[in-house]
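Data first, discussion second: the structure below is written as structure tokens.
When the chains are written out, they are named A, B, C, D and E in that same order, and each has its own residue count from 1.
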Amino acid sequence: MERPYLHIKDLKINFHTFEGVKTVLNVDEIKIKKGEAFGIIGESGTGKTVLALSIMKLLEMPPGEIESGEILLDGDDLLKKSIKEMEREIRGKKVSMIFQDPMSTLNPVYTIGQQLINVIRESKKCDKNTAYTEAVDMLNTVKLPDAERAMDKYPHELSGGQRQRVIIALALSCGAEFLIADEPTRNLDVTIQAGILKLIKELQTNLKVTVLFIANNPGLISATCNDAAVLYKGEIVEMGTTKEVLRNPQHPYTFTLLNAVPKDKDTRIDLSQVIPPDDTNIIRGSCVYYNRCTNKIAKCEKNQKLIRLEGTHYVKCGICNGGGMNE
Amino acid sequence: GCGGGGQQTGDEIPVSEIDIAYYAYNSEPILNWDPSAMFSNGIIVLNNVYETLLKFDPTTSEFENVLAESYEVSEDGMTWTFKLRQGIKFHDGTDFTAEDVKFSIERTLELGQGASYIWDAVSEINIIDNYTVEFKTSYPAPIDLVASSPYASFIMSKDAVEGNSDTWFEEGNEAGTGPYALEGYTMGDEVILSQFADYWKGWDGEHFEKILIKKVAETSSRRQMIEKGDATITMELPSEDVDILKDSDGVQVFIESSFTNMIGFFNTQKAPFDNENIRKALSYAFPYEDVVKYAAGGYAEQSTGPVPNNHWGHSDDLFQYSYDLDMAKQLLEAEGIKEGDLNILLTYMSGDEAEKKASELYKAELSKIGVNLEIRAMPWETQWEMAMSENPEDRQDIFIMYWWPDISNPYSWLYPLYRSEESPLFNLAYYSNPEFDNMIDSAYEKSSTDINQATEEFISAQEVLIDDAPSFYIYDKQVAWITDKNLRGFESNPSYPWVVFFYDIYLEK
Amino acid sequence: MKNYIIKRLLLGVMVLLGVIVVTFFLARVIPSNPAAQWVGPRATQEQIDAATIELGLDKPLVVQFGKYLQGVSQGDLGKSLRTKLPVAKELASYLPPTVELIIFSTFLAIIIGIPLGLNSAKKKDQALDHFCRFFSVGAVSLPTFWVALFLQLIFYRWLGWLPLGGQMETKLKLLYSIPSRTGFLLLDSIISGNWVVAQDVFKHMILPSVTIALYPIGLVARMTRSALLEILSEDYIKAARSYGIKERIVLWNYALKNSLGTTMTVLALSIGYTLVNTFLVEAIFSWPGLGSYTAAAVVALDYPAIIGVTLVSAFSYIMLNLTADIIIALDPRVRV
Amino acid sequence: MSTNTMNRKDRMIKVLTPRIKSTKESFFLLKKNWLTNLAMYGVLLLILIAIIVPIVLPADIHVAQDTHPEFKLQPPSASHPFGTDYLGRDIFKRVLLGTRISLTTALLAVGLALLIGIPLGAVAGFYGGRIDELIMRITDIFLGFPPLLLAIAIAAFLGPNLRNAMIAIAAAWWPWYTRVVRGQAISMKERQFVKAAKAIGTPSRKIIFKHILPNCISPIIVQASMDIGGVILTIASLSFLGLGAQSPTPEWGLMVSTSRNYFLNAWWYSIFPGLAIFFTVLVFNLLGDGLREVLDPKTRKN
Amino acid sequence: MSNILEIKNLKKYFPLKSGFFQKVTAHVKAVDDVSMEIEKGEILGLVGESGCGKTTLVNTVLNLIEPTAGEVVFDGKSMYKLSKNELRDMRKYIQIVFQDPFWSLNPRMLVKDIIGEPLNVQAGMNSVDMLPKVEELLEMVGLPKEGAFKYPHEFSGGQRQRIAIARALALMPKLIVLDEPTSSIDVVSQAQILDLLNNLKEKFDLTYIVISHDLSVVNYMADKIAVMYLGKLVEYGDSRTIFKNPRHPYTKALFDAIPDVYTENIEDIATLEGNVPSAINPPKGCRFHTRCPKSMDICKTHEPELIKQGDDVKVACHLVNDIRGIKEEEARNKHAG
């Protein structure tokens, strides 16, 4: 197998809060192939953003703390790099990020053009005019209508969908080959969301950009990603190709997640799998899903490892691990 | 234009060579340029710009002729004839004549502002010839003293005053004959004077070229400036500083007597201070010695009566209250006043250290006999306004203030401070005793002719006063001048409080 | 936008009118007789009565107010009871030295306060931040009048480096007359090319401006810090970093520029404070400015002067805030 | 436009969420910062001094009768750790006694200002419309003065004493609270729990007291704690100008003011009361700063 | 069955003021001539993009904000003709659950006081008396009794929404308005809330208005559906019918825009070009024509009426409506002119 473009190994991230130290991320392994789109789903607060930020080294270090692990990008361990090196080699050069909220990701005091030109000049070291034409090109690439005029506008003069396009343009304009999209459509209307999804997909197929797509709705992943992982309380509980994960879910949590999406009036949601989330007493040392799992067996009291089921399909579950649940 | 500026930088004079006297004064040097009306600090400026007919030296009780060459008084003390010096020029270049004298005094009287009332006795002013004036009075009055007063007696140029608008003085002009002419000023801050070339005494010998009188409100600044040699003369330093500077080689210190005394008035129209015995009790409770020693830093003497000890009309034989708490307590108890009964409000002028210390020392003593004294510092105007309240209940119970004379006559204390009046101005004890009134009026009339008789009468009037105890007499103040160690010719004249006669002084090289 | 500015301006005028009303009537509850003050101590009753009529104090309060308002609209603030000069004229001569001080200390506040706040925010919760915070909070906690005394003690008496007070050496003043073009002595002396005077004036300015600047320095540093911290936690800063923009640029260009709105309002606010701090400090430094004037007026209860000063300060304060608001409204780059 | 409003709301939530931090967490954050932590102990110490000292040293004896002019202006020594003043009074004792004066006047002044400011702000913010206009115009007028200046003017007019200084300060400070409370009330009014309360027919008065005011508390606490330092300083400044406390009250500002005349001979007389002011103001400012950081991420904007 | 709520030609225009004298210069037509009715026991789903006026509509219906025009009849009584006291009584019967779980609960109040507030205000119960009732309500919405003495911030988003529902239930209302009840919580909690709502409805015979921009939620819950665009209804009727066969292009676009787990090709998702136009100056003619893929000339000039199509659906679109009708109207206009 070829070397994955991004390879995260045993990443463990803690937060120091007034209640004590809390592990918010404990990822066994994530592999993303070059030029592919990788999706991560999980409910709110499972650590999706933390994961994205840690790749960029943008995590606020106190209160955050990286306990252990490696993040290999093209073979380089990002965690070993200094902030200066990150600035020089990684951020904006190889990796770039789209944030959750299109409203607060643009600097309100600069025009769209100024922001784009800044970023382009920073990365390409070119003169103003070249940067300008390139910026306009970029806006056209992201299908922003009337790109020339948009260059002189301030972020507050654009609508949410337009802003999100600008943000994508910014993320791409520095020439990054790896794009992290952290719930890029969370605050957008469904009609606008569709446009953004298409755009990202196009970029991935046409420009061969590698994408890490984070979402809290399985539907979004299905349409855009080749591979997917399910994150639960900071741990990957299931991973594989999108088809494998979404069509043939093995982990009980993935089931729950997929079942929870309402279909139509005549298909009742099967709530037998859904137990209220309970974050008060995670028994560390047991399976993360232990408290909510309806099928738990004795084995589940022990911490589970992510194991390969078949092909690229990995699951972290005591039952699957001993061949239990599907029988 | 810019040329002017450049030119000035061209011929540089070393700064140290300018012969300038810097008088660091504690307050505004002058706030009113009208010599007829000015009735406060401004004397320190005007006495160098204007002159009076005579000058009085209280230490010798003699008069120095200034603009007058000589003068005579008639037997009845009601006609005063002044022969004037000739060849004197005003700063505007006109000659000084009898016209100017008549004009000046009449103007002062007419305006009726400031200390103009000192001329009240004058009924007419006659010009005998160009250099002789005659003052006729309606009753015998010491016009020589009046004519030497530091207020309201300045002679100004008739031509200059009449030839200019009504607001000419307000705009900061002068029309004097004095040695120094006004060069520039910033109202309320500083005044610059420079030599008047045609001064009648001439400029032979050593004199300062320019005079700077500047308000330096902070005592510490004044002290630091005089120590560093930045200032030539300063005054009103805390006694602690004076003590130290006296022993320092860097400066000269002159401790001089003054006619200023500190007095505390009782509100005699309000119970229980309408009771003579209570007033006496409170007079006994005052720690005179401590106040002289610590509030005045020793630069004072306990008063005996209202007239200060170096002034005529004073007698050391008068009764003097002394600090006696037991006596005070007895007196209070005799009047049925128990501990904690009496709450007294005392006011003094804010910013005055000595008054403050005196009040605080007094408070400490009173609190020992169960009397509570509330001390309130007030701006002079408000304090005075309070004392003038219609309703005696609204007035302060004790009013502490300084007094100094307009003219060197005991009447200048006894009349304004104690004579019965319908609506008193400075009789803040609201003292009213017709017998006393008659005594001082008679004494004043005698002072123009028979000073010995006058003295006697003034002293017996004070006996009456002290017995009634409408006020208590704290101390007669001494003043401390701090000057450059090379300053020569300096003399302090208590009739002219805080006035420096700059013509007389110079720096020894 | 135009509407907003017109609205702001009209509001400013209304506030100013209100300020005049408040000060005028405030002045009339003063427990003192202006007429008696006018004629000075040791005056006779007749003199006081005459003054009462002269000052129009016998008329009803509303009439007096009308007259006052009429005067104010023509730039006449009445006459000082203490100096008997027109207050407006006096203010005009006392204002420039004060403005000079304020400009100088505001300048100090900007060049010291902003970098202080910036470094503090950059190194949040590190030793440098603690130091900067302590310094900036300390600076606003110091009683200015007290600092003034000690600065004099150190720099004049002990070290002899700087003058005690005043605007320039007296003797220099007698030697050179500096033509007044701008009213600001330092500027005037520089314009007329008189370096001796300029140097001397500058030396005289150091102690008072440093004293006065302490407060705005602290304020600006504190506000810059907290504004920056807030901005630095925004997503767009994280985004800028993720595009590989250098930390230095992120800090100086992105964050600082975005905090400009806050810093500007704070600066406008702090100038108001500075103005009032001069009241406490100028007298100590014998600085012939509005502060000394006010201190003297307060002691003498010279109410036309107090009202005048209050009006002028309130006016400048309102204008400053107005300008800050309008600039913020006009420039989309500082509006957030 | 439409997305704009929606997402502004989201942003608001993001910004405001930290306000719902629990008291426990707030304390944790406060204590985490050692500077703020220190300030808390400092304030505690000051409060203790303010309570205990006047009991141990009753004012009528220790303020009024404590004159020993023969020992005036003594430098610090074992018996007088801060030296003595111009009447031989023990400066240490007076500085300690001054704590209560400064703290109580400052607290009372701020309390008075809050008493005026909060109801006005709540009414203006909640009802809006004409009454809001009226209140805010009045507030604007008072905000038109630099606060210390207004305090100086009022104190000058009311006459110099500590009570008037307090009133003057309250008169100059209340508009700030009105503003804060009004702003908070307006934003609270838009909160859905207020709408929900309205939807069940809760009367306005009840809404103000139960829903609006309790949610204004943290910004008020922040503002007030940041102001206390400034108010103490203002009291000292007023006293320094002769508009505040009257001698021989052991008020720090007054002591510094008086000490001016002696400070070349007796540095201790100036330095200790000055340091007391500095320390007190510093401690309150640091605490206020810390509180603001924890309770209110938004800086005070004009 | 009878109509519990009838909305007739309801309008809500927000005045936009500007200038110093605050002159009204324009209006935001947030709700523009909307009519519909809800039968007892029914669930009405209200969908549309953000800002299309959903919240404004229900706020106006509940008389939380004043209507510009129109009438609302609840249980046979006209909402806008009630006196203050009658209105207060009426509020017992209609409750609302708000969109965001952060600010719909007063952070400074204990959960028991939050849930008890309606009991206190409407029934005058004191906090002791109401406690058993509060605990009962908590259990009803699936929260532990102990929660009564906690503050809202100690609960997760889904739990907070349950608290809000408990409060709405306290007075046993007839109609509950749910304004985006699940928009800020994740899918799993959403499923539980929806389930809870369905159970409660059956148990207490409630009527709901469910607002959502997530069609799957509406699809799952609603019996009747109303699609709004820029303050107007564009399609309204039986939910099953509409879902099977959306007739208005906007409804279609909304449906096709949501990818689900079975979407494999991105091209299956429909996109709507352009952004929502401003409600201040809505486009002439059909308000949707600026973004409509099937826009015709007539759409730019004539506003389509909401016309019954079949038994249970009304649509406002020229494509579906009888074009002849309009021609006739045009002719009539010409004639009149």
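What we mean here is this: contacts are C-beta pairs under 8 Å (C-beta built on N, C-alpha and C of every residue); 3 or more make two chains touch, one makes a residue touch a chain.
Quantities reported herein were computed from a predicted structural model and do not represent experimental measurements.
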Revision key, fill the gap. Common contacts of subunit A and subunit D, by label, are C, E
Practice item. Give me the fewest steps it takes to get from subunit A to subunit B if each step has to go to a chain it touches. Key: 2
Review point. What is the set of chains touching both subunit C and subunit E?
Key: A, D
Review point. When the contacting C-beta pairs are counted for A-C and for C-D, which pair yields the higher total?
Key: C-D
Exercise for review: Express in whole angstrom the distance between the two chain centres, defined as the mean CA positions of subunit B and subunit D.
Suggested key: 46
**Study point:** Where subunit D and subunit E are represented by their mean Cα positions, the distance between them in whole Å
**Key:** 48
Point to revise | Chain centre separation (subunit B, subunit C; CA means) in Å | key: 38
Review point. From the C-alpha centre of subunit A to that of subunit E, how far is it in Å?
Key: 32
Review point. Hey, what residues on subunit E touch two or more of the other chains?
Key: 49-50, 275-276
Revision key, fill the gap. Residues in subunit A with touches to at least two other chains are numbered 101, 104, 156, 159, 161, 189, 192
Study note, to complete from the structure: Each of the following residues of subunit D touches two or more other chains, namely 1-3, 6, 159, 242, 260, 263-264
Exercise for review: Write out the stretch or stretches of subunit D touching subunit C in their complex.
Suggested key: 33-35, 137-138, 140-150, 152-154, 156-159, 229-230, 233, 236-237, 240-243, 253, 256-257, 260, 263-264, 267, 270-271, 274, 277-278, 281-282, 285-286, 289, 292-293, 297-299, 301-302
**Study point:** List of subunit E residues in touch with subunit D within their complex
**Key:** 49-52, 59, 62, 64, 87-89, 91-92, 94-96, 98-100, 102-109, 114, 117-118, 121-122, 151-154, 164, 167, 171, 275-276, 278-280
Practice item. Please name which positions on subunit A make contact with subunit E in the complex. Key: 43-44, 159, 161-162, 189-195, 197-198, 201, 216-220, 222-224, 246-247, 256-265, 269, 271, 274, 276-277, 279
Point to revise | subunit B - residues contacting subunit C, complex | key: 2, 4-6, 8-9, 12-13, 15-16, 18, 20, 22, 28, 31-32, 39-40, 112-115, 117, 170, 186-190, 192, 210, 212, 214-218, 220-221, 224-225, 228, 230, 350-351, 379-382, 384-386, 388, 406, 416, 423, 425-426
Study note, to complete from the structure: As the complex stands, subunit B meets subunit D at residues 218-220, 223-224, 238, 240-241, 244, 290, 293-294, 350-351, 353, 356-357, 359-361, 363-364, 367-368, 375-378, 382
